[in-house]
Amino acid sequence: MAALNLFSLLNGLTFAALLFLVAAGFTLIFGLLRIVNLAHGAIYLAGGYMGYSAAVLSGSFALGVLGAMAGAAALGLVLDHGLLGFVRGFELRQVLLTLGVALVIDDLCLVTWGGDTLSVPIPPVLSGAAHFAGVYYPRFRLFVLALGVVVFCGLWLLLHRTRLGALIRAGVDDTETISAMGVDIQRIFLITFLLGAALAGLGGVVGGAFLTLYPGADSEILVFSLAVVVIGGRGSLAGAAVGALLVGLLNAIGQVMFPELDYFVIFGPMAAILAFRPLGLFGRAA
Amino acid sequence: MARLPAFLAGAAALVALPWVLPDYQLSLAVQVLVFALLGMSVDLLAGYAGRTSLGHGAIFGTATYVSLYCSATLHLSPWIGLLLGVAAAVLVALVFAALAVRTGGVYFLLLTLALGMVVWGVCLRWSSVTGGENGLRGGARPALIASGPALYWLVLAATVATAAGAWRLVRSPFGLALRGIRDSGLRMQSLGYGTTALLIAGFAGSGLIAGIGGGLYGMFNEFASPSTVALSTSVAGLLIAIIGGVGTLFGSFVGAGVLVILQNVVSEYTDRWQSVMGLMFIGLMIFAPTGLIGQLRRLRPRAAARKPLS
Amino acid sequence: MRRRDMIRLSAGTAAAALAAPAIVRAAPAPIRIGVLAPLTGVVAAGGKEMVQDFSWFWALHGNRAGARKVELLVEDDGSNPDTALAKARQLVEQSHVDMLVGDLLANTGLAVANYVKGTGTPYFIPIVAADNLTQRDRIPNVVRVAGYSASQTTHPFGAWAAQQGYKKIATISQDYTFGYEQCGGLAQTFTAAGGKITAQFWNPLNTADFSPYLGQLANAGVDAIFAMQTGADATRFIEQYASFGLKGKIPLLGSMNFTDQSVIRTMGPEVEGIVSAAQFAEGSANPTTQAYAAAHVKKFGTLPSLYGFAMYSAAMWIDEALPKIGDTVGNPKKLLAAVESTTLVGSPLGYPVTLDAYGNPIYTIFIRKVVKNPQGKWWNVPIHSYPHVSQFWTYNLAQYLKQPSYSRSFQGIAKT
């Protein structure tokens, strides 16, 4: 029994780490730019596919990661500069536009990489199972957990120890004041969007290694990210972390204990939070 | 009054359709009508109460599931199944409403999305009742409307009646109050209107329309699966409302016509229908957020101004 | 083939016919075959094999069956029953096909079967294996041409598992008809021979993350695990089974599609040694099978998958049946009668295949193992065989039909 509990705990934590990678970018974009980027899942998938190709062609997982992040950031650039520019200021229109972009990106991925399921190749040092405390657990999933922690620390340092981070946090709180203070808010917006997209791409290539890449993976990760960000609170890094932990653990435990209520276990709390405390656990009113 | 002959000619054309169209195209017409109802249900809230929803596919599909369950599993009369399906849809709409009524804008969108996902999850995993991945099949079409034309006439009559009812509703004081909420909920509250109750009632009305559409869809398709309640159905409903023009109510007929026919035509030549849909969303948001009818309305005053002096 | 190309082809043929002398204008009408296959979704890899090998057969015969031209209209069913139903409707009502062939997942097949029940269109299902379509819910115009019923291959498998000395088995299966039936077939014969099914897990189609299940399976204290996964789910399960350290610790038994070529050919050592049961094994020593596999490798560079083989055999079957209807157009009953009375003589299996009285073929079922072939590719090699297996195994027909069909609640488990 103890082994099973450790298993479930690790399953939840490692999935939470992946969710955090994706949701962190989502929450930054949502928090600062006030955009619910429904194309975030599509950027995850497209980034993952690009990382897959880079990894397969170069034989290096590291290059795959770089390729994924760069490719995803490029997509983010096109989306933010090219398309969202037309609907600045119209919240709902932005959301629906990103929905359309998601459909297009998803379909283009289908054309480019086909309908088969693809696994990003794992470097030998990270493959196989680690043996500890009576369980065998995949090394790669443990790597993802570590990566999630590292990215959290990195983002925290960025947001709380750099000028850029201070500007982002200020912008999340009050965009108008910060631009009135003479800061080039558009540049901050762009950097944030690119960062968010790159994180999604990182999530894609890493997720593509242990969950595989396939058409439809984008909407799955998107709705999970939405749940994380809604529960954790818009624009909050801690919120994304806590939200990811909650969703990841609920998902792992829910699947074992209540398989019939699989999705309810996640979207139920999300709906409840939206209904009764829309700001989430760590969100602050604008 | 001067428009009456045109109106009658149009009505006659709609009724005469089964004699003009082959079977398959007639079934497309049925789908246009059914999905127009879905679009209308979204439009009622989005256009008149200012609340855009991404969960109406679940309400629509609930009616389909319940009516299929009644006829395929419980072996009740399909008419009873239809009624129960509509009732179930209104019930689900009320639950959505109770939770969503205090939010607006993007949060309302996300909440309805989440609630729709809950419904989808239940339909997918509660295999003993919903059939899970297999769905529910068969028996939902009453013998009376077994033929294509008969089904079409029933759907036409039901759609027209529902649309007429919706039209009366938005013209009524209730409809005006909804529009007041859309324009400024705060002002409405200060004027003494119970905005919560009004929104819940509006949601119920929207659920009724979606439920009728879903029940009729069950009669047409005789099949319900998790795809029927999935996010993609909600997205389609929203797109239909937007294409026609949010706040025009009848624009949903245009929207549904465009979507169903375009999908059929495009799918004959390419597999890239999803990209076309995505591009439509993008194009509409950038160039025509008021939809096709909205654009036409904007053109008309100019046309009127250009009329030569008689 | 694109619809547009189809039209051009027909238009071109029509124009040529009009321009030619009267003799040519009397050429028989073409046979239009609507092919439904999942080209996207969880079983996209299998769907592609289906279309590839079905088209290959007709191409080898100049796209003709006797004097009649064969036209293929291919539609993607998206691994989704709703889509399958819509496409079936389109093919029958708009494109007026003479027959529908294909579909892969049982739920898509059931949806389309329910539809053709009303239209009477012949629907040939070489891969859709939902038991009841040829048992309790028999639909006269639905025939398993070169196909199989789901429990047909696992009935002998359960008996074999008991013979290996396994006492306790846990199953993990996709949560739909084919899964219930493959598991049920195994469970029934395994428990009848004294074995126990200690736990059964059901995952939704398109499960990306098997970790919750693998934890429980590792702790289930079983002698073997039976995994019923198709398509991408099979790929992911096999990968994760190995990465969680279960490979080599607990023997893995798979469903017939679990170790299909479309799954294993791009994978690594994690697939080695998995045992499954099916009527086809691309590593079979039978000379006809080997010739077929070699021709496939020559043409496509890949070993044939079960899906491709089934569709190829179906095309062969239709080809052997069509001369019986001559130039008749639009007579579905005649077409069905012709197909049902045909014995597939040239099957790649190397023996003649006949249909039983319920429209389901009778086969030799192989218990197969995944090993490397001399060229270094993975393939399934028979290690045991059960000849002359029908969909009813060794059961008395009337007795078997009295028991309910396999479902989540009924798995045929013997009462102790």
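We just call them A, B and C in the order they show up, numbering each chain from 1.
Just so it is clear, a residue touches a chain if its C-beta (ideal position, glycine included) is under 8 Å from a C-beta of that chain, and two chains touch if they have at least 3 such contacts.
Everything quoted here is computed from the prediction, not taken from an experiment.
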{"item": "Fewest touching-chain hops separating subunit A from subunit B", "value": "1"}
{"item": "Contact-richer chain pair (by C-beta pairs counted) among B-C and A-C", "value": "A-C"}
{"item": "Rounded Å distance, subunit A centre to subunit B centre (Cα mean)", "value": "33"}
{"item": "Intercentroid distance (Cα basis), subunit C paired with subunit B, Å", "value": "38"}
{"item": "CA centroid of subunit A to CA centroid of subunit C, Å", "value": "38"}
{"item": "Multi-partner residues of subunit C (at least 2 other chains)", "value": "39, 202, 204"}
{"item": "Two or more partner chains touched - positions in subunit B", "value": "124-125"}
{"item": "Multi-partner residues of subunit A (each touching 2 or more other chains)", "value": "110, 259, 262"}
{"item": "Interfacial residue positions of subunit C with respect to subunit A in the complex", "value": "39-42, 44-45, 47-48, 202, 204, 206, 208-209, 211-216, 218-219, 231-232, 235-236, 239-240, 243-246"}
{"item": "Complex contacts: residues of subunit C adjacent to subunit B", "value": "2-4, 39, 76, 80-83, 85, 89-90, 93-94, 106-107, 110-111, 114-115, 174-177, 202, 204-205, 408-409"}
{"item": "Residue ranges of subunit B touching subunit A (in the complex, touch as defined)", "value": "52, 99-100, 102-103, 105-107, 109-111, 113-115, 117-118, 120-122, 124-126, 231, 235, 238, 242, 272, 274-275, 277-283, 285-286, 289"}
{"item": "Subunit A to subunit B touching residues, read off their complex", "value": "36, 83, 86-87, 90-97, 99-108, 110-111, 219, 223, 226-227, 230, 259-264, 267-268, 270-272, 274-275, 278"}
{"item": "Residues of subunit A touching subunit C in the complex", "value": "1, 3-4, 7-8, 11, 14-15, 110, 114-117, 119, 127-129, 131, 135-141, 210-212, 214-217, 220, 252, 255-256, 259, 262"}
